[in-house]
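Multiple structures follow.
You will see chain A twice below: alongside chain B first, and alongside chain C after that.
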Partner chain A sequence: MKSIFDIITKQPIWIFVLICIIFFSFSSPFFFDLSNFTNILIQASTIGVIAIGMTFVMINGNIDLSVGATVALAASLAVGLQPQLGITGAVFVGLLSGVLIGGLNGIIAWKTGVDAFIVTLGAMIGVRGLVFIYTGEQSFYAHDLAYSDFGASSLFSVPVLALIFIFLIILSHLVLKYTIHGRNVFAVGGNRIAAKEAGIRVGPHMLVNFILIGFLAALSGVLLSTQMGASTPNLGRNYELWTITAVVLGGTRLTGGYGSIIGTFGGVLAIAILRNGMNLLQVPSFFVLIILGSILIIVLFIDKRFSEQQGHGVRA
Partner chain B sequence: MKALLDSFKPGLKDKEISPLQFFGKHGISVALVLCVVIFSLATENFLSADNFLTVVMQASIIGTIAIGVTFVVIGGNLDLSVGSLLSFATVLVVDLHDKVGPGMAIPLMFVFTLLIGSINGFLIGYLRLNSLIVTLGMLSAIQGITLVYTGGKNVDISDQENTWFAFFGREEIFGIPVPALIFIVLGIILQIVLLKTGFGRKIFAVGGNETAALFSGLRRKRLVFSTYLLSAFTTACAALILGSRVMGSQNNVGEGYELLVLAGVILGGTSLLGGSGSIVRTVIGVLILAMIQNGLLLLGYPYYTQWLVTWVVIIVAVWLDIAAKRGKLLSSY
Partner chain C sequence: MSTQAEMTESTELSSEQKPLLRLKNVSKCFPGVKALSGVSLDVRAGEVHALLGENGAGKSTLMKILAGIYQPDEGEVILEEKLVHMSSPLEARDHGVLLIHQELSLVPDMTVAENVFLGNIPRFANMFVNNRHLNKRCEEILTRLNCKFKPTERLGNLSIANQQMVEIARALVFQPKVVVFDEPTASLTDYEKVVLFDVIRELREGGTGIVYISHRMDEIFELSDRISVLRDGTYQGSFDTPKTDIDEVTQRMIGRDLDSDIAHQPPELGVMALQVNGLGIEGLYSDISFDVYAGEVVGFYGLVGAGRTEVMETIFGLRKPDAGSVKVHGEELAINSPTDAIDQGLGLVPESRKEQGLVLGMSCKDNTTLANIIEFTKFGWVDTVAEKKVFEEYKEKLRIKCPGWEYSTLNLSGGNQQKVVIGKWLSTSPKILILDEPTRGIDVGSKSEIHHLIRELAKTGLAVIVVSSEMPEVLTVSDRIVAMYDGKITKCFDRSEVTEDTLIKAITGQSV
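Here is the complex of A and B:
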């Protein structure tokens, strides 16, 4: 009994995912179906890949608002440069742009000591400017069909995009749980000054995480553009908000020091299943917005009550 | 030798402030002056009363919201829901205009907007939930409510020529556009409220040190609640301007405004940690952003160039602010 209570309070989002699956399976004949599940995974992968990076950054006690703009930058470069560089070269430049934006954010946050919220808020506005300057407000189309074929391809009858997503989830879970870097993520987020005194190089450590999320946001942008075979300068708008929503639903604390990849995975799935299921039931998509917003606040409420009971609110 | 001379002038050292501290204190004013000088030299049309009014007018919507949000931020919280709330209020007032007439539409819009603001205030003030996540949730929920209300369709006012509703966005008093007037008057009133009333001082106290404020008998819950009512109120005022200017509204017209508003507030030097800030500086911050936009357009750059400049300006401004408090340029991580 106690373990069930533990799961409900620690990972309430998985309970919600389960309820959603059961509910939609009974109410829609098309929901409980392998091809629909892989569909959900593909739909989840765009936000999910970024959410992995966001989990690292948020456990660190930081936040990254610039991911949506980075998605657009990487997608635009990866599609727009194909005529000059070929697919491989263009994708490489696209991913590199994410690494550079992440690195820039990280170095600014490290060296100036300006809060990550402000650093990345600036970058979110500025990088979107870069996207518009590069594209001249144009959408790009991939003329080489091999590019969009990749987005639609499957391996062992599982779509490649879903495989990449699952692989990254497992890999990042292992990194966060079993490596020195992973433990440092929690240490820095829990108490930055103590972590510094204990000999962790806090600045470079945070830089690595910003580079990670920059890379993952760029990867998400590239994957998204393979799905569409195109890129638009407004791609990725509001993705930062969706990503943060997913990560917080998964139980990661904004104040840092607490969170997990498994929880984040649950949060991402919850959003994707809700959207997919409501879609199948032909509920207008606006209701999803209201439900998601409410769930976010309810999860926060449960989490707060629980942490107050347990540790008298020490964990904030 | 210089050190020797200095040692004969006791007391002087305390009064001297380093260039860094000077920028920390007056950086925002310096930036404003720099902006005006650079754009005046670079373009012919920037330095004119007409153009200045245009800038204030362009800044009026974001600025009006930013005035209310400054209260929230000084109280130690954030409000990310103002963008969605702006969409909601604008859609509501425009839609109700044709149904019940402007005389009823405006008060109704204010009531519903303040109602949503009070939900924010209740969750954050009374239930003490994290403001960033609550308002993030409200951002999406309010967007959903707006879409449910309209069914996804755009709304507009059918008879745009013969309605006194045009007053708020399109008309002038003594040559000053009404939006600019609303912005400036609200700014002055709320600056006085912030500095000269007990209410204003209490908000500084709550944002500065919550525990100390609690022990000195301040009603934290009620104060935080009222900051969210204020930000909802200024958002409703902005919706009045926007709805009247456009005479119609898309469902997502306010999308992204929350972050532009925050950019203005942050540029004005209001600390996100709470406990410090001022309305005047927020107004200057918003004006600088509007001037950058206006000046770059006059110089012939495409509109999106301003975003790049905004990026640099925000980071440098906050960096100098922090560096001045810290006493050195780089952090010690």
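Here is the complex of A and C:
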């Protein structure tokens, strides 16, 4: 029984996910259906893959606002360079761009000591500009159909995109929980001074996390473009906000030091299920935004109450 | 110089033992303060070396130099006959010098074991956390420390005392040569203290050099082999513990007779400024009644946690009382917020000036006008000329040492920071001023200046309340003393009738 109580207090978002599933199952005949569930997973994967990286970055006490722009850049490169480099080469360059942006963010934040919020805000604006220059404000289309076929393909009748997402969730959960890097990410975010004095090299851990989120944002952009068989320069707008929303819904603290991949997974699913379910109920999409915004605040309020009861909230 | 002579004397006495760690003529300056000047000290293997001094004497600075947190401006650190340069706590740790912090530097959301091995986690395959090994090794250390909690416990759930034990466990991981304890018993119960002393003695038997910083005399005499005294950043000599006594080291530590600096005169009482009747908050304090007249200083004395601060916060509108009333100048008033309190002519100089009293990043001038900025506005614009004038006025009156009005309060010494806070309240022209621990963490010189200031303020007709945990302070500044114990007033004394003995009894709940 203790473990159930533990889950409720540590992962309140999963309770919410359950409630949503039950609610939509009763109110829409199309919801409780395997193909709809894989659908939800595919919809969730775009934000979800970035949210994995954001969880690392936020537990570490930082934030990355440049992910949306990175999505657009990686997608544009991965589609736009296909005529010259072929699919593999173009995708590689797309992913590499994410790694470089993340690395640059990390290096600047580490070496200058400027707040990650500011550094990545600058990157968000600058990278978006880069996308417009590279694309000439044009959308690109993948002429090789193999590219969009990948986005629609399945393995053992499960969509590949959903499989990739689930695989990354499991892998990153293990890394966060069982590696030295994962442990130190918590230490740095929980008490940066203490970590530093204990000999943990704060900078390199930050850098690794920024590279990770850069790579994952680029991957998300590439996967998204395989779904559409195209890229647009406006791709990924507001993704940083949705990602942060999902991560925070999952119980990760904005101030760092606390959070989990399982929680983030719950947060991502909560958003995807709400959107999917309300779409099935034909709720106009603007109302969906209002509801999502309200839910974000309500869930965090409950979370705060819980943690105060646990004595978590009462520290400076 | 006399300090030099004493130093050589004490080293000669011990020529049979080679020092493990030695500081030579160490000096350290901070903006506006000379924290240490020409301090020399040696620590031998297998001894407990107590470092004694008042707040602001330079103990903390010295200890931070030992631990590599600060680097000395001048002087040398010699470890095992070799000159070492410790530019970070890590380097100090690698040299085997470990500091046990007074302020805990732990990560509350991680487990005990993770905290003990922070930065040093046992691994396998070089990449993964070896959880079994981590918890087993932690368990071994905890057993040695006689700790009852589990390595897997979340640190934030432990009591402060147990967190302190975790901090000590962390140091033991490194099998240190020198361990510096900074006020380790400040938050421990008597039983935990006995356990800690056993641990310290065990370390000493093992040949570790221990630097023990405290201002609790009984502990120092119980535990230490030698005592070194600091005063105002200068070295005042070392003593073999069995050959000295409390009087000798106290005299070195204080350097003068405490009570002599203010000759006490009965005040000229004005009108009754504040009358508190039956004030109480469930679970914090109850039935608090007292009054304060214009022109007098009332001292509130008691142990930490006796409820003094809470009473003052209630009067100032920061807490809502369950019972009782507060009358200001005979009128019963509902004070629901600090704004109301300020309107009624109250001012509160809070307990922790850095967290509550000052906006550290702001300039001295801006801090001075913080509480009544509205009086310095014209049509919504701040009149900086008037602001500067007021700041200069208080700078002179309170003898605030700072290079200029635009100077950030962050870089001022504790005493000058406190004066800025006091200036802030004086600029609101209060009738009643409450000072909560006004000289905590302030050096001796500024301390007596602030005491004089408090007396002068009362003479100008202000009603003053001083909350303090330091008996000499209460005895120095107060006309009357209110003793509190466990949320209740146990006795009110006139300055003339009080003795140290009765005061101690009153604040520890023994019948007077």
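Here are some notes:
Definition applied: the second predicted complex is superposed on the first by the 306 of 316 C-alpha atoms of A that agree within 3 Å, B and C clash if a C-alpha of one lies under 4 Å from a C-alpha of the other, contacts with A are read in each partner's own complex, and residues count from 1 in each chain.
We adopt the following convention: a contact is a pair of C-beta atoms (placed from the backbone, for glycine too) under 8 Å apart; a residue touches a chain by one contact, two chains touch by 3 or more.
Since the model is a prediction, treat every value here as computed from it, not as a measurement.
Applying the stated contact rule after C-alpha superposition, one finds that A:L18 touches neither chain B nor chain C. Measured by the number of chain A residues touched, the leading partner among chain B and chain C is B. Of the two partner chains placed by superposition, A:L171 touches none, neither chain B nor chain C.
Of the two partner chains, chain C is the only one that A:I180 touches; chain B does not reach it.
Of the two partner chains placed around the shared chain by superposition, chain B is the only one that A:F301 touches, whereas chain C remains out of contact.
When both complexes are overlaid on chain A, the residue A:G257 reaches chain C alone and has no touch with chain B.
Once the two complexes are laid over each other on the shared chain, residue contacts for A:I193 go to chain C alone; chain B is not touched.
In the overlay built on the shared chain, the residue A:G203 is in contact with chain B alone; chain C does not reach it. No residue of chain A lies at the contact with chain B in one complex and also at the contact with chain C in the other.
Those residues of chain C that touch chain A in the shared complex are 89-90, 93, 105-110, 114, 118-121, 123, 127-129, 131, 156-157, 170. Remark: chain A residues 65, 108, 110-115, 117-119, 121-130, 132-133, 137, 196, 201-203, 206, 237-238, 241, 244-245, 248, 254-255, 284, 286-297, 300-301, 304 touch chain B in the complex. Contact residues on chain A toward chain C in their complex (touch as defined above): 178-184, 186-187, 190-191, 193-195, 197-200, 257-258, 311-312, 315. Per the touch definition, chain B reaches chain A in the complex via residues 80, 123, 127-130, 132-134, 136-145, 147-148, 151-152, 255-256, 259-260, 262-263, 266, 272, 302, 304-308, 310-312, 314-315, 318-319, 322-323, 326, 330-333.
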